[in-house]
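Please read the structure below before turning to the comments.
When the chains are written out, they are named A, B, C and D in that same order, and each has its own residue count from 1.
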Amino acid sequence: MIEKPIITAAEAAGKIKEGDTIMIGGFMASGSPHTVIQAVKEIAPKGLTLISTDTAAHDFKSGRITGIGHLVANKQFKKIFASHIGLNQETQRQMNAGETEVELVPQGSLAEKIRAGGAGLGGILTPTGVGTEVQEGKQVITVDGKAYLLELPLTADVALIKAKKGDKAGNLVYAGTACNFNLVMATAAKLVIAEVEELVEVGEIDPNEVQTASIFVDFIVKAEKLDM
Amino acid sequence: MEYVANKDNIAKRIARMFHNGDVVNLGIGLPTLVGNYIPEGVTIILQSENGMMGLGPAPEAGQENYDIVNAGGAPVTVLTGGCFFDSATSFGIIRGGHVDYTVLGVLEVDQQGNLANYKVPGKMVPGMGGAMDLVSGARVVIAATLHFEPSGKSRMKRHCTLPLTAAREVNYVVTDLGLFEVVGDRFHLREVFAPFTAEFIKEKTDADIVVDTDCRVIEL
Amino acid sequence: MIEKPIITAAEAAGKIKEGDTIMIGGFMASGSPHTVIQAVKEIAPKGLTLISTDTAAHDFKSGRITGIGHLVANKQFKKIFASHIGLNQETQRQMNAGETEVELVPQGSLAEKIRAGGAGLGGILTPTGVGTEVQEGKQVITVDGKAYLLELPLTADVALIKAKKGDKAGNLVYAGTACNFNLVMATAAKLVIAEVEELVEVGEIDPNEVQTASIFVDFIVKAEKLDM
Amino acid sequence: MEYVANKDNIAKRIARMFHNGDVVNLGIGLPTLVGNYIPEGVTIILQSENGMMGLGPAPEAGQENYDIVNAGGAPVTVLTGGCFFDSATSFGIIRGGHVDYTVLGVLEVDQQGNLANYKVPGKMVPGMGGAMDLVSGARVVIAATLHFEPSGKSRMKRHCTLPLTAAREVNYVVTDLGLFEVVGDRFHLREVFAPFTAEFIKEKTDADIVVDTDCRVIEL
């Protein structure tokens, strides 16, 4: 099996170009690629579009920032697709001030849109959002008398994902609820960079336990620290 | 009759709605309290939409594993026999009707079964998270709410004024005054929680409430 | 965790009513629930609609029949949804004779239709089949200038699936390519009967390794033999 | 010039089209032969649409594991670094363009890039299996076929007459006479396999064939 380049977090961050659309895995900073996120903050490509289920936390009172919140605070996004920004006051501030465009997407629809992007589907019909603001601008299709929204696929230039364990070919295994959006994001970007906590030789992961097949992964970064 | 807000009564009553083996998703906040009152002999399976079946209690201090969190991002545990899955699978479970009950908080709920709980334009725009999928997908939707806003207005409405989380999907509303079922564009009062009365509820709620012929007063 | 009833293959077969729509997992008999299939043949409910990727094999010359082929030979189906019937001469004979209606569905579309049925989607848009006979009678929806077919969900009354290992709550683990359609079928039927090779106590399967969550499984049958 | 059918030449030429790390799906039958001729120094990853990445050779007699089969249902092995997945995931990989090359057999292929390989109405109706998804989804579609039917007619056509597997998706046709690319509704002859000639191919094929200015004759 072909091995993939193992690169530094800075090299990974360097692959993101100004204006790129990026996906970042994780749920409230759990299961996010923190080592790479830190490097993206330092190298600081701007004008990015972010696709992520949330922007983690940023509390103005305590000053505490977690996960993707570091990149929001660094003003690297021109647009954010997310399902929830309630615990990030800076994301809300940028949205209200018109500095960053935020498109709120129901969490299940976001997962399906990304999956559709990775699986070559032209879209999916979901009952979620029918009769709400989410319906605006979307095609409504009735099947068996029930109304559904046509949700279109999402893809990205770069996906930054995080796994518990990876082999040098890029086969990945997740742990606990830290799998979350990492699994679908691995399928939906032109370039996929996987941060792994534990890096093992090819053959050390049982082929029955692989959750993301090696073919999806372009580069591997070894996680350096696990702070959020 | 004096009204004192009582979240625990809401949680107690909802906890009795479940049957052995039911799959339940409890929203963050008030709905989480429901977990404290599940009757003995009933085992429910808690789903967490970020990717877990068999959600267990918070770990002891020092035992936190940040790879196992609930839908609020706080460390939790997984019960024996539980399992983990990714977000697409999780919302497939939810949308596919495999979650029997979802219990969610309320900003407004109306007699058409519309729920608004995710946005106050200009004030609070946190995003819907998984709430829209839960309300659209779960088999039974329970809106859990204190009957009154801090201002004294009822959260049960003729028509929601805030942006909807989902249209016509609420099956039950449980407040600290009573249990209501949404049928035919009306709230049907099924149970009144002592010491309140059906008259008090009708008087204080600006919505069409039908008092069931077999409406009971119960002690919680 | 709630344990599920462990029943005999005959009891499992008894849950299928005349005229039911059933899904059966497996790919050319690999990963099919052979113990339950044998019982379904013996109890012989008729007028069934089958959803399965194939009907395994039936070779007239040698007389060899495998997997679901036994139920076809027993004339239990009035309609069959499948992607491939090329190795089952009896299915072809019944189709050509007008005895059984066969609807051929591309294999990937079949997987997505079943997944949509289990995941509450109203359908999915696929490029597969555009400009072919598969397009007939289907809505064509254009997204970003590309044509897609709207494929509608499939569900069943009963799904008969097969796993390598299961615990008494119904958590399932598959092996090798024997997972195939079992995973999506477990989500898309009113009643799901899982045949398992190895039955273990609740807690013996790592929650990270579960592939089908216990909540999908209604009844468990212990596999008695592994002939096909 | 005498024509003798030569499947191995087709397989040999196709085997040289891949690059290190390419993900390839080989159809049952003629396309499977391609696996025998992968050049040294090139590692490709074979996908099997029933749920495997890293398809390996058949096991030795007595070592068959019927939980690990190929798309024909025959026991195979998995290579180190391979993995298994379910059918929905497998066709997500295929439809999503994550398979670089799919090599399929042919009943008819025409100069619009239409492929017919799954059905002869009234005679053979085996079903399309995964072929329609593979042809629609793979990044590059290679039709692999003996140039002539047993009757002597070319399988390369102006217009397919049989039901299509997919419309306008074929990129390359490799026969035992040459390598063709489908561009602008014409077959472009890129390579002729010795001892045949472009003239022989044009004469024997009822389709519009453009001979590339840099068309080469190669020995296989």
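Here is the rule we go by: a residue touches a chain if its C-beta (ideal position, glycine included) is under 8 Å from a C-beta of that chain, and two chains touch if they have at least 3 such contacts.
Remember, predicted model here, so these are calculated numbers, not experimental data.
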item	value
Chain pair with more C-beta contacts, B-C versus C-D	C-D
Separation of subunit B from subunit D, taking each centre as the mean of its C-alpha atoms, in whole Å	55
Length of the line joining the C-alpha centres of subunit C and subunit D, rounded to whole Å	29
Distance between the centres, which are taken as Cα means, of subunit D and subunit A, whole angstrom	36
Sites on subunit B at which at least two other chains make contact	78, 84-85, 91, 94-95, 136-137
Multi-chain contact sites of subunit C, meaning residues that touch two or more partners	112, 115, 120-121, 126-127, 174-176, 207-208
Chains grouped in pairs wherever the two touch, ordered by label	A-B, A-C, A-D, B-C, C-D
Subunit D-facing residues of subunit C, complex	27-31, 53-54, 57, 82-87, 92, 95-96, 104, 106-112, 114-115, 126-134, 164, 174-184, 211, 226, 228
Complex contacts: residues of subunit B adjacent to subunit A	48-52, 65-69, 72-73, 78, 84-88, 90-91, 94-95, 114, 119, 124-133, 136-137, 163-168
Footprint of subunit A on subunit C - complex, ascending	112, 116, 120-127, 139, 141, 143-144, 146, 148, 150, 152, 173-176, 207-209
Residue ranges of subunit B touching subunit C (in the complex, touch as defined)	20-21, 23, 43, 45, 53-54, 78-85, 91-98, 136-137
Subunit A residues within the subunit D interface of the complex	1-2, 115, 117-121, 167, 169, 171, 187-188, 202-203, 205, 207-208, 210, 213-216
